[in-house]
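Pasting the structures in now, so scroll down.
Shared between the two complexes below is chain A, which pairs with chain B and chain C, respectively.
Moving on, here comes the complex of A and B:
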């Protein structure tokens, strides 16, 4: 197990390097560069050449990548060409927002999916099951931003502006800047709608999956055995069946991370949240190379680490799975 | 259930026939897997509802010019933000464009991108998967490494950067760019799926028989291997269209899809979010259109899966 973990941890490095390299090369093949935006109306060809020299943009792409990597190893994520701010600082300021959004949306997804799937599987072909599966079908078919718009209509524009339509207030103790809005209730108000918008789709996918794997597991012999030896229904379902049925669900949760990142970008844009999603999309559109690299680095890292965590969860859910 | 073995050319007719038999077996034509699937499909309510939604949407997309009461891209400054009325059943937007006409024309873009991106991904992904699975070895390693590279990316990160590289534009070219970006992201899904099926199918006796008979590889792959891995491909394709439509709407929502004046649901929804407080219908209808379309393909895909391959559940 320890060897396996070490090997997997070592594996993170090449994967992250590969993703950042591909992003690096791809961004530099985008027509136009940040220098054009930086110089704006005062753009002249000579100035542009000078500025490119200053930022090292005149060097071959691979050389630029090696320079970026060299700085990164020393903890320097580079600075934005357009704003001049250090990328690492921006990422750290925005990370807690996205982290809170994603964690809460996953919690919402699980809180809906597990009971809904259990009801669906244990009361198969009853009206409760039909309701759960129909709602799940609707849930997988609505894009996050439309759920977000519907929530905005009801809770921000209806109900006397009960929940704010945009912006962010930090949780007490997490303020990453000198000054920021801090309040527990304010934070809850700001995170609630985005997290629901992001969580509902995930809940629907997980419900469908968990229900069908529960149906399969509940008919297996060891469940019959557990019942036959006189266990009451509760431990049979929760300890014996659910734990095994969760395995494919966890796999899919891992696969969903790619969609979750897209969802975070969309939801943060809709609710104008100062998170990593808006940071990333703004950087990509502005062709702010250094910021895009920072965004790619942190997403690639998160992506790989979450996939590792998913694999490790298997050993907890099914002790027979051992990584040698 | 035993599957009929097709493709062998050793004919029974060449064997000496017994002079007479005491009784003849009744000729029961076994149902082809396709007909059997179709029969099961018709019994599934979800599939029928899904197919009906998809059919209606296809009609709307094809006859958009006839059905739409106005041009989707003509501005009319005299009727900006009109409330729903007989003249404009879904109201008008800030440019005075008729929302109903925009939603109707948006069907065309959405379906076109949804279907063609999946087809493009299929045409590239299926051969890659078949070659990798059938030949194995170094070709397999190389092809699958490339596929893993694409899969290593969070899907939206790649699609967004691809769209920035392609620079979003309006019209048919803009539509093709979005199609291309979504297709690239989705190729590995089909390649992996097909490779997996081919790995097991190529070990079957009928493939070995073909090889023994000297049938050439492309023919074996096309006539004998491909038909046997069609069921999961068809199901994944239908459900894939639903995903592609959501990805397209999301890209459009982020301003990276087809550009105005070409009507696009995602773009309309985003552009109108600023005004929904006073004009709630503006974002509602493009959003509903996306929802209904995705729902249609999801229902149809679900039904197909139950009908074609119950094991895929």
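Moving on, here comes the complex of A and C:
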């Protein structure tokens, strides 16, 4: 197990580096550079040339990448070309917001998916099953921003601001700035709608997947054996069947993290949340290369680490799985 | 019960007195509270002399102070300047500063700091977008600690307009703080690095989250500002912005999307919706020249293959575009169709719409004269950047109007940075739809439309435009200046160097409890007189 873990941890390094290299090259292939936005009204071609020299943007792309990498090794994530703010500082300020959003949306997704899938699987071809699968199908089909706008219309417009439409309030003890709104209830109020908007689509996917896994598992021999031994339906379903059926679901959950990060960009923009999603999209739009690299680095790292954790979860779900 | 005559008279007097006093009391500014402001775009950075964007400017106007400000009716009022004198030949401006004006770092605002700030703006190394407006200044001299003199190379009729409201206007910098902190510190908004002499001092800027300014207790206007704090958040989505406003989460939207105004009136009927005559031109620019040697920004130019021909420019831009229809569809009628480059709300504006009546038959005939017709159909591209949805709508209507002429316009939607790169760097484009800059004077549009500026995207090389602008800016007689302004506006229409569509409406929205704000479009956004009636 230790060897496996070490090997996987070592795999993280080339994977993340490859992703950052691809992003680095791609960003510089996109038309436009940040110098235009930086100089704004004062733009002249002569000044643009000088500024590009200052930021090393006149060097070949691979040389720029090596320079960026060299600084990264020393813990320097660089600074925003536009605002001059250290990238790492901005990433760390925004990370908790997105982390909380993603965790809660995944929790909401599971809270919807598990009961819906169980009902669908255990009462296959009944109205309950049809309802669960239909709702899942609708959930898959509706994009996050549309659910978000509907929630805004109902809970912010309709119910006289019952839930705040924008902004962020931090959990007590987590404020990373000088000025923050801090309150547990305020935090719940602010994260609820974005998390639902983000979680519903994931719930739909997981419901469909878990239902089909459950259908397969409850027809397997060991479940029949458990029933034949006289076990009641509850432990048969929850302990024997569900645990095994969850393995493909957990795999997909890990992969869904990528979609959640993508969805967070949309949802954070809609709800004006100061998270990594808005940080990433603003950086891409402004061609702020250093910030884009920071965003790519943190999301790539999060993605591979979460998928490693997912793989490790298999051993808990199915003791027969061993890593060597 | 009947009151004795004396008591009755006293009661009447007291009632009368209450009637007189009570409304005055109700309008007396209340001190304290936090004004929660929403901006639709991110603040670029906090070096006010170089940062682009209105969002930065609206912060600069509150953290910084300058020499003069301008009122909505065009009067100049002193900011740090107590008084000023202009020599009869217009070559010497003498400013007397108010005593006891302090920067937030405790140092005095004196003549030396004014000289320091103007010199900094004029220094090419500063790379300020304001530099071109200071071109007329010969030197700045300190006469005594409270008197500063600006000597000009030639008369500049818009000197005070420029100092008050071109972009941020002049923002005074503390020499001490500027020398103590680096440019990077100031851009990031590091504590202590952003020092102004305005009513609010910077507390914190966290990009993507908020900017917080607190009352500067030593502000030179006694008793002001009334607010304890101004908290600015960025809400980019207009629907979310409207929801936050309706829920009372924000007090003031500094720039509200015009297409959502009607909806807001329904959602928040008590909201104060502020607007005025348009000062921003909405244009469908056409490229006039391209590099002859293929090198972007080359001085060797040749006519653009399509719009290099004046006949085509006039056929498309002048007679082929139905501006009324565009305004009806894109702005729901809430803008003014306007051919002139100087929008209806800008100083010295002239209605020149009669020069370009919508006449598709004439447009078709002109295109035929230029060689376009069924055998050689006119085809061109329109770039619309996605910063505002209205650009795309206008481009779509133009496309439809071109189809009526037998021409094909292909729309290319790009992001703002791509648009800036293409237009600023002399890239390949035929026409674009944009609103560029809010204009307080026609003079301030010079650097977007003369023959040499990088920002003059059509890249016409007609030196006559420079001569007209120079004559306009140097003319000190307002009546003569107005005549030159008319000449400029007609000249640009006749040559279609600036294909204006309409004014671009601007809206600010405030909660009913926000009091004391004076609307002055994008030019002056000050919170020091604002108070909250909660």
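Quick note on the criterion: the second predicted complex is superposed on the first by the 324 of 324 C-alpha atoms of A that agree within 3 Å, B and C clash if a C-alpha of one lies under 4 Å from a C-alpha of the other, contacts with A are read in each partner's own complex, and residues count from 1 in each chain.
As a convention for this text, a contact is a pair of C-beta atoms (placed from the backbone, for glycine too) under 8 Å apart; a residue touches a chain by one contact, two chains touch by 3 or more.
Quick caveat: nothing in here was measured; it's all calculated off a predicted structure.
Student: After the alignment on chain A, I want to confirm one thing: do chain B and chain C clash, or do they fit together?
Tutor: Clash: chain B and chain C overlap once superposed on chain A.
Student: Looking at the overlay, what does A:93 touch: chain B (first), chain C (second), both, or neither?
Tutor: So A:93 only meets chain C here.
Student: For A:190, decide between first (touching chain B), second (touching chain C), both and neither.
Tutor: Neither chain B nor chain C is touched by A:190.
Student: Just to be sure I read the superposition right, which of the two partners does A:84 touch: chain B = first, chain C = second, or both, or neither?
Tutor: second
Student: Applying the touch criterion given at the start, work out whether A:202 contacts chain B, chain C, both or neither, answering first, second, both or neither.
Tutor: neither
Student: Name the contact category of A:285: first (chain B only), second (chain C only), both, or neither.
Tutor: It touches chain B and chain C both.
Student: Have a look at where A:274 lands relative to chain B and chain C in the superposition and call it first, second, both or neither.
Tutor: second
Student: In the superposed arrangement, does A:146 touch chain B (first), chain C (second), both or neither?
Tutor: first
Student: Using the touch definition from the top, say if A:211 reaches chain B (first), chain C (second), both or neither.
Tutor: Neither: A:211 stays clear of chain B and chain C.
Student: Touching A:157, do we find chain B (first), chain C (second), both, or neither?
Tutor: In the superposition, A:157 contacts both chain B and chain C.
Student: Which listed stretch of chain C (325-333, 343-351, 361-369 or 451-459) steric-clashes with chain B in the superposition?
Tutor: 325-333
Student: After overlaying the two complexes on chain A, where does the chain B footprint on chain A coincide with the chain C footprint?
Tutor: Dual-contact residues (chain A): 31, 149, 152, 157, 269-270, 285, 287.
Student: Inside the complex, what are the residues of chain B that reach chain A?
Tutor: Interface residues on chain B, with respect to chain A: 46, 149, 152-157, 159-162, 164-165, 167, 242, 246-247, 249-250, 253-256, 266, 269-270, 273, 276-277, 280, 283-284, 287, 290-291, 294-295, 298-299, 302, 313.
Student: Looking at the complex, which residues from chain A come into contact with chain B?
Tutor: Chain A residues touching chain B: 15, 18-19, 22-23, 26-27, 29-31, 137-138, 140-146, 149-150, 152-153, 157, 212, 257-259, 261-263, 265-266, 269-270, 280-281, 284-285, 287, 296, 299-300, 303.
Student: Applying the document's contact rule, which stretches of chain A touch chain C when the two form their complex?
Tutor: It is residues 31-34, 36-37, 39-45, 47, 79-80, 82-85, 90, 93-94, 149, 152, 156-157, 160-161, 164-168, 177-179, 269-272, 274, 278-279, 282, 285-287 of chain A that touch chain C.
Student: Quick one: which bits of chain C touch chain A in the complex? Just the residue numbers, please.
Tutor: 42, 44-45, 50-53, 127-131, 167, 183-184, 187-188, 203-204, 206-210, 212, 231, 233-237, 239-241, 243-244, 246-249, 267, 296-297, 414-418, 420-422, 424-425, 447, 454-455
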